[in-house]
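What follows is a pair of complexes built around subunit A, which joins subunit B in one and subunit C in the other.
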Partner chain A sequence: MFKDLDPILHSQLRLAVMSLLISVKEAEFTFIREKTKATAGNLSVQIQKLKDAGYIEVNKQFKDNYPLTTCSITKKGIDAFEKYVKALQSYLNTDKK
Partner chain B sequence: MEKDFSVQQSLEVIESMINQAKNKFNNDSPLYLLWGWIVLICSVGNYLLYKFQLVEKPHLIWLLLFVALIVQIIYLIKQHKKEKVKTYIDEILGYIWTSFGITMFLISFVVGQSSGNWINFYPTLLILYGIPTFLSGAVMRFLPLKIGGICCWALAITTLFISKNYYLLIIALAVIIAWIIPGYLMKSFFKKQSI
Partner chain C sequence: MKNETPLTEHESLNIITSMIQNAKASYHDSGMSAILWGLAVSIASLLVYVQITLNFTFPIDPFWIVFIAIIPQIYISLKERKENKVVRFEDAAINAVWSVYGITILLLVMYANIAPAVSKEFANQEGWQLIKHYINGSKPDAEMYPFIPSLYSLYILLYTFPTMVTGIAKKFRPMIVGGIISYILFIMSCYTSFKNDMLIGAVVAIICWLIPGIILRSKYLKQRKNNV
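And now, the complex of A and B:
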């Protein structure tokens, strides 16, 4: 049924990360973890997958000697997200018919 | 679990996450209060020093603005370290107030260099105060700031009908309405949100 849905986005946590990042300019890893209520380990894995797909940019730096990871969505990510939402809409429309 | 992830659930995830970040902006109330109080002290101070002839150059009280600027820079550096997310609203607000700051700096420079006659310039100053205040209120959807901005413009018009001697008090009134009151309202808004 979901063959047209982007498999990278059609996963609860990855979709949550993308939905958060589409609404803001950039967000720290801790902010995303707080909002998605995911574990740090799982979130790291999913963020890496989104990064590998080119959907998000991950910036690692140090702040007061602590590692700091900030994420932001890329143009490719925005396009993929829009395409995904359109696909969802088309499924809903087919259901109605 | 992921196989059962339905279209409906997808939409719920998107909606809930977008709501988490929607209309989010940093609590800038300390800055409104800082500038509001400093300008209030300077304008009322200048008025009183001038009226009672207490000092030779009463306008030098405005140098206190530099103190506010230093406090603001320290505050922003600390704040930058704390903030976990940067929204588009924060970015736009930053640009609005930076352009206002640059405008004010250039104006003080130009007026100082040309005539040095500030009193004729106060009505224009009020019109300028209205711009970033109204825009910030619009971007944040925060009504008190929007009203504050409109009041600045209204007060600029009232200067046509009153003596120039009272212009400084009009400036004082403008910052109370446009920055100090919205500043305290914003502070309590964020306090309620954090509970």
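And now, the complex of A and C:
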């Protein structure tokens, strides 16, 4: 059981989104959808959850008359992600012992 | 990708590593900017070299090619911005370096055109002037215009700076090698005439930008072909 793992991050799609965003400055919604192979609806819901947690920033604008949504990770998100990875590492180290 | 499937620690790690790899592999420089500037600077430098060697003057300064190249550069930048769905940290930093480099080059051009005339003016106000004196007395003494010694060496040094930064930041060996060779060529240019500095400048533009740009372009086209 992962009692100490952040429940916001400990989900397949949200973790994938955060892992993508941790390594880039910002990414378009379509890019995240393409890389995670998620449906637009499901991805929107998960992005909203990450945004509500303060882990990511969502910027909505218009580009060539089309809506453009870009996401970027926040300082709080980076801290949460690092904490999550450290917790994972400790679980893996416990497994090895 | 579904969402609420229970995850094991190994699955979590796999997601993290695969997504980070995915993000890293997602962006490829089209190489167009490097090719453009490699061509513009090398052609301009070579034309000046030809001009001095054959002792004639083109109707316009060959370095206008470099200024005109700003127009296609704006188009390339806008097109790439449109195509790239992701901005990486190092790309943002490298873009900043190239922007600062562009401003610095423009200001250096300004300095090279303004400083000698202003220096001459100050000297005249102080009541003195530079005189060109021929040691063998073959020509009479003449007033000399102040000049910046081996000016193009400074440009060569400046060309190398963003190239090295880009090469190191992107771990792109052709630019690192180009940069190192250019530093050596810069030292060489301190010992050569203005005419030969132009030839060296052309070589620097080719090894710093044109060749790495062609390599980037071929990688980019290969990647695009694989994605189709």
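Before moving on, here are some points about what is shown:
Basically, the second predicted complex is superposed on the first by the 97 of 97 C-alpha atoms of A that agree within 3 Å, B and C clash if a C-alpha of one lies under 4 Å from a C-alpha of the other, contacts with A are read in each partner's own complex, and residues count from 1 in each chain.
By our rule, a contact is a pair of C-beta atoms (placed from the backbone, for glycine too) under 8 Å apart; a residue touches a chain by one contact, two chains touch by 3 or more.
From a predicted model like this one, the values you see are computed outputs, not experimental measurements.
After alignment on the shared subunit A, the placement of subunit B and subunit C results in a clash. Once the two complexes are laid over each other on the shared chain, residue contacts for A:H10 go to subunit B and to subunit C alike.
When the shared chain is aligned, no partner comes close enough to touch A:Q48: not subunit B, not subunit C. Of the two partner chains placed around the shared chain by superposition, subunit C is the only one that A:K37 touches, whereas subunit B remains out of contact. In the superposition on chain A, A:S23 makes contact with both subunit B and subunit C. In the superposition on chain A, A:N59 contacts neither subunit B nor subunit C.
Overlaid on A, the two complexes show subunit B and subunit C touching the same residues of subunit A, namely 2, 10-12, 15-16, 19-20, 22-28, 30-31, 34-36, 63-64, 85, 88, 91-92, 95. Only residues 2, 10-16, 19-20, 22-28, 30-31, 34-38, 42, 46, 63-64, 85, 88, 91-92, 95 of subunit A touch subunit C when the two sit together in their complex. On subunit A, the positions that touch subunit B within their shared complex are 2, 5, 10-12, 15-16, 19-20, 22-28, 30-31, 34-36, 63-64, 85, 88, 91-92, 95.
Subunit C contributes residues 1-5, 7, 9-13, 15-16, 18-20, 22-24, 26, 82, 85-89, 91-92 to its touches with subunit A in the complex. Within the complex formed with subunit A, the subunit B residues making contact are 1-2, 5, 7, 9-11, 13-14, 16-18, 20-22, 24, 81, 84-88, 90-91.
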